[in-house]
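First, the structure itself, so that you have it in front of you.
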Amino acid sequence: MPTNEELRYPSPPPLASTTTTDDEAGWVWAQIKAEARRDAESEPALASYLYSTILSHSSLERSLAFHLGNKLCSSTLLSTLLYDLFLDTFASDPSLRVAAVADLRAARVRDPACVSFSHCLLNFKGFLACQAHRIAHKLWNQSRRPLALALHSRISDVFAIDIHPAAKIGKGILLDHATGVVIGETAVVGNNVSILHHVTLGGTGKASGDRHPKIGDGVLIGAGAIILGDVKIGEGAKIGAGSVVLIDVPPRTTTVGNPARLLGGKEKPTTHEECPGESMDHTSFISDYII
Amino acid sequence: MPTNEELRYPSPPPLASTTTTDDEAGWVWAQIKAEARRDAESEPALASYLYSTILSHSSLERSLAFHLGNKLCSSTLLSTLLYDLFLDTFASDPSLRVAAVADLRAARVRDPACVSFSHCLLNFKGFLACQAHRIAHKLWNQSRRPLALALHSRISDVFAIDIHPAAKIGKGILLDHATGVVIGETAVVGNNVSILHHVTLGGTGKASGDRHPKIGDGVLIGAGAIILGDVKIGEGAKIGAGSVVLIDVPPRTTTVGNPARLLGGKEKPTTHEECPGESMDHTSFISDYII
Amino acid sequence: MPTNEELRYPSPPPLASTTTTDDEAGWVWAQIKAEARRDAESEPALASYLYSTILSHSSLERSLAFHLGNKLCSSTLLSTLLYDLFLDTFASDPSLRVAAVADLRAARVRDPACVSFSHCLLNFKGFLACQAHRIAHKLWNQSRRPLALALHSRISDVFAIDIHPAAKIGKGILLDHATGVVIGETAVVGNNVSILHHVTLGGTGKASGDRHPKIGDGVLIGAGAIILGDVKIGEGAKIGAGSVVLIDVPPRTTTVGNPARLLGGKEKPTTHEECPGESMDHTSFISDYII
Amino acid sequence: MPTNEELRYPSPPPLASTTTTDDEAGWVWAQIKAEARRDAESEPALASYLYSTILSHSSLERSLAFHLGNKLCSSTLLSTLLYDLFLDTFASDPSLRVAAVADLRAARVRDPACVSFSHCLLNFKGFLACQAHRIAHKLWNQSRRPLALALHSRISDVFAIDIHPAAKIGKGILLDHATGVVIGETAVVGNNVSILHHVTLGGTGKASGDRHPKIGDGVLIGAGAIILGDVKIGEGAKIGAGSVVLIDVPPRTTTVGNPARLLGGKEKPTTHEECPGESMDHTSFISDYII
Amino acid sequence: MPTNEELRYPSPPPLASTTTTDDEAGWVWAQIKAEARRDAESEPALASYLYSTILSHSSLERSLAFHLGNKLCSSTLLSTLLYDLFLDTFASDPSLRVAAVADLRAARVRDPACVSFSHCLLNFKGFLACQAHRIAHKLWNQSRRPLALALHSRISDVFAIDIHPAAKIGKGILLDHATGVVIGETAVVGNNVSILHHVTLGGTGKASGDRHPKIGDGVLIGAGAIILGDVKIGEGAKIGAGSVVLIDVPPRTTTVGNPARLLGGKEKPTTHEECPGESMDHTSFISDYII
Amino acid sequence: MPTNEELRYPSPPPLASTTTTDDEAGWVWAQIKAEARRDAESEPALASYLYSTILSHSSLERSLAFHLGNKLCSSTLLSTLLYDLFLDTFASDPSLRVAAVADLRAARVRDPACVSFSHCLLNFKGFLACQAHRIAHKLWNQSRRPLALALHSRISDVFAIDIHPAAKIGKGILLDHATGVVIGETAVVGNNVSILHHVTLGGTGKASGDRHPKIGDGVLIGAGAIILGDVKIGEGAKIGAGSVVLIDVPPRTTTVGNPARLLGGKEKPTTHEECPGESMDHTSFISDYII
C-alpha cells in the first residue's frame, strides 16, 4: 500500500514576490482541475461529482457558486436562487476570489491532512463556510440584511458553523475541522489566522454595540477556546485549546487554561517569534503544562 | 450605510400587566407578518421564502409547523408527515403556542443580534430546536416514544442540538447560537433560562434513573459549560463559560473555571441581584478573572 | 402513564462464552426486526420509515447501507451511488458487520437512554457516523482516498462528527450524543472505548506524521475533553469532562481539569479497577472535585 | 402460479338500496386498508409506500390529500402546501369524498384490470387526476383561479391528463388508462361516464363562450375519440375508438369512424339498451365493422 | 360569482406598426409582472411560487431559465446546471426572447382559455416545451448534440411533448394542450402555426435524410392529426382533427378524415381566406361533415 | 457545421452467425462506454450525467438499474429501493439483458434519429419503459403483483407509456417516440415488432379473460393506430397510422384507415415481402392513399 506521503499531491510552490493575485488564482484553479481530473480517472464512482462540481466549470468562482448553492439550498431556498446570488456576488467583487485563493493556500500549507486544493474546495466545511460568510458579509454591508441572515442560518444548519454576517474576517483563514465555531456580530479576525473547531469569539451579553473579540494577524486559536467580550488578541498570539479568555492578550504570547493564564506570567509573559497562525504549532508549550 | 441600530425593527413593548397570552401571541404574529412583508418588498430574492414560510399562513402555529416540517424532513421522513404531526400537536395543546411566543420574546429582548421576531422564527436554530423538542416531549409523554426519538434524532442531525425528548424545558428559553447543546433525559430547565452553545446538561453514567441537572429559573449558562449529574443549579445562578460543574450551585451565585469554583468562595459566595438568564451579562465578573 | 422503565425493551442477555459473532449478529438483527415491527404496529405514522429502513431489508448490512445512503446523500452524491458503495463494502468485509454489532451492543448496554437496538440503529448519529467511518477507512486503506475523503466530508456535514478516514477505530465503541467529536488522521482508538460529545483527539500541528492520540481499550473520555498530540491514554483510563490533556495518562487513572491533573497526583495517581469505557461512570470522582 | 382470477380481491357487493353514501365510503375505506395491510405483509419492499400513503392515515380524504400532494408537488410548489390545500378543500366539501368513492367503485366494477380499490387509489392516474381536478374545479368556482390553473398545469405535467378546472365532471367516472385525455373549459360530463385514453372533448376555436361537448350520463367514449364543439352526446351513447365527432349524437346510439357515422344510419340509428359507460362494451358492434 | 369574462385580464393591444420587438418584449414582461403581483396579493398560497418564478427575476429570460430549469431537472441533471445553460443560451441569442414573446402573444390572442400572459408562462406545457426546444435546437446547431438530445429527452419525459432538436420551428407558435405532440428530425414549421395536442409530424421510416413534413405559415393542425413524410402543407391550410395526411396539401385548403380528403375534392378544393393558424377555427367545415 | 451524417456514430456491424448473445452484449456495452466517454470529453456540462449513469458502472444491467431507479423513483418510492429491486431482478434473469441488447440494436438499426446506443439507453423513453416493463412482468409472474402494479403506475406517470405488467412482450422491440402507447393485460407482442407513439393494444371491455390483441413477429404499427380485442395481427403485417382495427389481419398485409380496410381488398389483400417491423417503411403504400 502506498504511504500517505506517496499519495499526496505536490505541495504548492512558494509564491514568488512578483506573483500577482491573478496569476496565483489561475495557478490554483489549474491545479484544482488537474487534481479533479486525476481523481475522476482513478475513481469512476466519484467522477460524476467531480465533473458537476469542478470539471464542468470555467472558473473557481463558478465552481464555488455551484458547490455552495447545492450545499446550502433547502426545499424553501432553492439551489438555483442561491447559485444565481453567489454568481452575481462573485462577479461584482473580485476580492472574494482573492480571499478564497488565500484560504485554499492556507489550508493546503498549514493542514497536514489537506492533501490537495480540490480536497479543500470540495470537502472542508470550514473553507466553504468562510466563503459563504464572505458573501453574506457583502450582502450585509449592502443593507440586504434579511438575505444575509437567511444565508447565515443556512450555514449554521448545514455546517454547524455560526459566523454572524457582520463579522469582519481577513484573508488566509484556516477554520480547521470547524464544527462548532461561533463568531459574533462585532468580531474582527485579521489575516492568516488559524482557528480550530469549537472556538467561540463571543459577546458579553451587553446591549448592542461593540462586544466581541478583535483577533490580530497570525493568531492561532486552539480547539474549544472561548474568547468573550471586546478584547484584543495581539498579533501572533497563541490561545491554547480549551482556554477561556476574557481580557486582552499581548502579541506573540501564549495563553492556556481555564481560567486562562499567560505562559511566563502576567508580568513578563514568554514571547515566541514564529507566527503560530501559520505554523499551527499547538503544543510546543507542552513541557510547561501540568497533568 | 445605515447603522445596524437604524435598521433594527422596533423593540417589543413591555408586556402590560393585563396582557393575556392570547393578546401577546396575536401581537407577535402580527409583528412577524409585518416584518416579513417589509422584507419581501425590499428583497425580492427572499420573497418566495417569506411567503411560503410566513406570509401564506394564517397563524404562528401553522407557520412553525410548515417551517419545522421542511427543516426536519428527510427522504424517509416526509415533510407532509411531519407537517401533519406538528399541526395536530399544536392544535391539541395551546400551551405550545404560549411557550413559542415566550421564546420569541426572550430572543428578541435578550439577544442584541436578534433584529426582529421573524429573524428568530426563520433563522434561530436554538428557537426551532426548542419548539420541535416541545412537540417531541409531548409525544414522549403520550408514550409515542419511537416517534419522539425519531424526531429527537432529526433535530440532532439538522441543528446539531441534542435535547432528549423526556427533558422538561420551561418557557422563555433562549438557546443562543445553540450548536452543540446537549440536554439529557432527566434534566429539568426552569423558565427564563438562557443557555449558550456547546452547553452540556449531562448524565453521570449511572444506570437509568434521575441523573441529569435541574436548572432553576433565570439561570444563565455560558458557552461550553458542562454540568453533570443530578445537581441543582439555584435560580438566578450564573455558570461561567467553560465551567465544569459537578455539584450544586446556590441561587444567584456565579461559578467559573474547570474545575469550577464559586466566586467569593465556597463558604460565602458572592451573590448578585439581577436575573442573568434575562440580562445575559456574561462577563461582569471579569475583574475577578485571572489571565 | 407507564414509566420509562416499563416501556424499555428487554436488555440483551450476556453473551455466552460459546456464542459466535455470527450467532450474535443474527440475534441482534432478529431483535431489531422485532422491535421495529412492534413500533410500526403501535405508531402508524412511523411505520413507513420503519419498513423502508429496517423491515424491508434482509440483513443488518443492507439496512445500514440503505439508512446511511439516505442520510449521507446529497444532490451531487446520489443515494443510489452511496448505497451501492456501502453494500459492496459490507459484502467484501464481514468484520464491518461484527464491529457494527459490537457497537450496537455497546450503546444498548452502556447508555441508559438507549431503549432498544433499533433505537440506536435508526437514531444514534454516533453509531451511524462510526459505521460510515469504517467504510471510509476501508476505502482509505484501498487507496481510494478521494472517495474516502468525500465520505468523510458528508459525515462531518450531516452529523457534525469529524473522523479522519485514516483513523483506526476499534470495536464496541460508543460515541454518546456525538455532536462535535473530532478524531484526527493518525489517532488510534482501542476496543470498548466510550467517547462523549465534543471530544477532540487532535493533532499538534507539526508537519505530517504521527501526531494524534492513541487511546487504549476501555477508556472513557468525558464531554468536551481535548487530547492533543501523539500521546498515549492507558487502558481503562478516565478522562474527565472538559479536561485538556497534552501528555500520556497511565492506565486505570483519572484525569480532570484544564490544565489536566491526575487524581491522586502525578507521582502516585489513584487507580480504579472497573473499566470506565464500559461502566460509563463519569462522576464517581465527584467528592474529589472542588467548586 | 395462481391465476390472475385466483389472486383477485373479492369484488364489491352490490350496493343495497338502503346504503347511505357514508356507509359506502366507510366500507370502501375499510377495504382499502385491509387490502393495503395484506399487500404490506406479502411484499415488504412495498410496505413503506403502503404505510405512508394509506395505512398511516385516518381517512380516505387524508390518504388522497397526502398521495396527491406528493404526486403533484414540484420544487416550487411544495408538497406541504398542496397537502394543506387538499386537506382543507376535502374538509370543506363532503361531496368530494362521495365522488371519490363513486369513482373508486366505477374503476373496481368496470375495469377488469383493476384488482382492488387500493390498486385504483394508488396507481390509476385517471382516478388521481379526476380527484385533483375536482379540487381545482372547486377553487375555480371560488374565484381562486390562479391557484386552480397552477394545479391544472401540474396535473397535465404529471399525468399527461388535461382537464380545464372549469369543466364540470359528474360522479362515477372512469378515465381508463387516461394518458392524453383533454377536456376543455366549457365541457360537461355526466355521471357514470367511461372515457378511454387520448379522448378529446375539445373546443371549436371560437372566441370564449360555450364551445365544448356536453356528455350525457352513462356514455362510453372509446380510445382516441375526438369530440369537438358545443355538441350534445346523448345519454348512454357509445363513441367508437378513433371517432371524430362534430355534431350531436342521439341517446343510446353508437358512432364510429372518421368521419364519424351512426351505426344504423343517420335516419334510423340502431339503439342499444344497456349503459355502455358501465358495461364498457367497446366492440359489440364489431360484426358491423369493415376491414 | 364573477364570470370568467369579468375575471380575465385585459387583452393585449394590437401591435402598432412602429412597435419594435424590444418594446413588445418590455411591454409583455411588465404585464407578466403586474399579473403575478395581482395574483400573489389575492392568493397568498401561490405567492411563494409567483415570487420565485416571476417576481424575483429581472427579465423574461431569467424567469424562463429558472422555470424551465426547475421543470426539466432531474436527480442526475441538476437544476443549477440547466439554469446556467439556459441563461447562457438566452444571453447569446436575443432571437430566443423575441420568439418567446411571439409565442406568448399567440397563446394570449388565439386561446380563449389563456387568461393572461403569466398564465401561459407558468402553466402552458406547449409554450414551455417550445422554448426549451429552441434552446435544444441552438445547441444542436452548435454541434452540442449529446446535450441537445438529453434536453430533448427531458422535455419528452416531463411534458410528453417530443420535438426533435433538429426540427426547425418558427415564431408565434401555439401548441395548444400539447400533450402527445411529436415533431420529427427534419420537420419544418413556419410562423404563426397552431398545433393541437396529439399531432404527429412524423417520418416515413426511410433511412436518414429529409423525411418529415414541412408546415407553411399560418397553418392550423387539429387534435390527433397525423402527417407523415416529406410532404408540404401549404400556408394557411387547415388539417382537420384526426386526419391522416401522407401527401401535399395546397395552401388555404382544408383536409379531413382518415384517409384524408380535401374539402371540395382533390381537383378543385375549397379554399378559405382567413389564416386558421391564427383564427383557430377548427370546425367551420362542420356542415360538411357526415355522422 | 458538420452534417448530421458526419456526426453519427458508426453503425453496428451485422451480427455474424456465430455471435453469441454474450459477445453481443459485451460489444454493445463497450460501444456505449466509448460513446459516453467521447461525449463526456466534448461536453463537460454533460460529463457528470454520463459518469453517474454510464461510465461509473461495471455492466449494462447496473447502468440500467441506476438510470431506471432515478427516473422512476418518487418521494414515496425511493430510488434506492427501486435500484435494489432492479439489480436483483437483472441478476436473477439473464434473459433481461439479452432482451435489452436486442432492443438497443433495434433502435440503433431501425430509427434514423438514433445516433448511438448510448443515446437510446439514456434518452429513449420507449426503450426505458420497455426494460422497466420487463422487470414488472417478471414480478407479476412471481405473483408480486402489488409491486408490479406500483411499477406499472410509475412508468405510466413518468413516461406516459402504459404497459400492463401481465402483457407479454418479445425481443427486438422498438417503441418509437412512445408517448401514449397503451398495451393491455392480455396482449402479446412478438419479436422484432416496431410500435409508434399513441398506439393502443386495447381490450374489449368484456369481463376479465383474454381480451387484447396478439401481435405477430415483425409487425409495424403506425402512430395512433388502435387495435382492440383478442384479434390476431399476422406476422409481418403493417398497420397504417391512425387505423382502427377490430378484427384479424393476415400476415404480410397492410391495413389503413378508420374504419380500417386491407390494401388490395378483404378477399385478396396485397402482400409484401419485407419485414416492416424492421424496415420501418411507414408509407410505401402512399400511392394507394387518397386525399
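Letters A, B, C, D, E and F mark the chains in the order given here, with residues in each chain numbered from 1 onward.
Criterion: a residue touches a chain if its C-beta (ideal position, glycine included) is under 8 Å from a C-beta of that chain, and two chains touch if they have at least 3 such contacts.
To keep track of the chains, here are their UniProt names: A, B, C, D, E, F = serine O-acetyltransferase.
Everything quoted here is computed from the prediction, not taken from an experiment.
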item: Labels of chains that are neighbours to chain C (serine O-acetyltransferase) and to chain D (serine O-acetyltransferase); value: A, B, E, F
item: Reference chain E (serine O-acetyltransferase); chain at largest CA-centroid distance; value: C
item: Magnitude of the superposing rotation for chain B (serine O-acetyltransferase) and chain E (serine O-acetyltransferase) (Cα, nearest 5°); value: 180
item: Reference chain F (serine O-acetyltransferase); chain at largest CA-centroid distance; value: B
item: Self-contact between copies chain B (serine O-acetyltransferase) and chain D (serine O-acetyltransferase), residue sets same or different by half; value: same
item: Chain centre separation in whole Å, for chain F (serine O-acetyltransferase) relative to chain E (serine O-acetyltransferase) (CA means); value: 28
item: Centroid distance [mean C-alpha coordinates] between chain D (serine O-acetyltransferase) and chain A (serine O-acetyltransferase), Å; value: 59
item: For chain A (serine O-acetyltransferase) paired with chain F (serine O-acetyltransferase), centre-to-centre distance based on mean C-alpha positions, whole Å; value: 54
item: Chain F (serine O-acetyltransferase) residues counted as touching two or more neighbouring chains; value: 45, 48-49, 52, 56, 70, 75-76, 78-79, 81, 160, 179-180, 198, 224, 242, 258
item: Complex contact set, residues of chain D (serine O-acetyltransferase) against chain F (serine O-acetyltransferase); value: 1-2, 4-5, 7-8, 39, 42-43, 45-46, 48-50, 52-53, 67, 70-71, 73, 79, 110, 112-113, 115, 119, 122-125, 158-160, 177, 179-180, 196-198, 220, 222-224, 240-243, 256-258, 279-283, 286, 289-291
item: Residue numbers on chain D (serine O-acetyltransferase) that touch chain C (serine O-acetyltransferase), as the complex places them; value: 40, 44-45, 47-49, 51-52, 55-56
item: Contact set on chain F (serine O-acetyltransferase) toward chain C (serine O-acetyltransferase) in their complex; value: 48, 52, 56, 66, 69-70, 76, 78-81, 83-84
item: Chain A (serine O-acetyltransferase)-facing residues of chain C (serine O-acetyltransferase), complex; value: 74-77, 81, 84-85, 141, 143-147, 149-150, 152-153, 156-157, 160-162, 164, 166, 179-180, 182, 184-185, 198, 200, 202-209, 211, 224, 226, 228-229, 242, 244-247, 249, 255, 258-262, 266
item: Chain B (serine O-acetyltransferase) residues touching chain F (serine O-acetyltransferase) - in the complex, by the definition given at the top; value: 75-76, 78
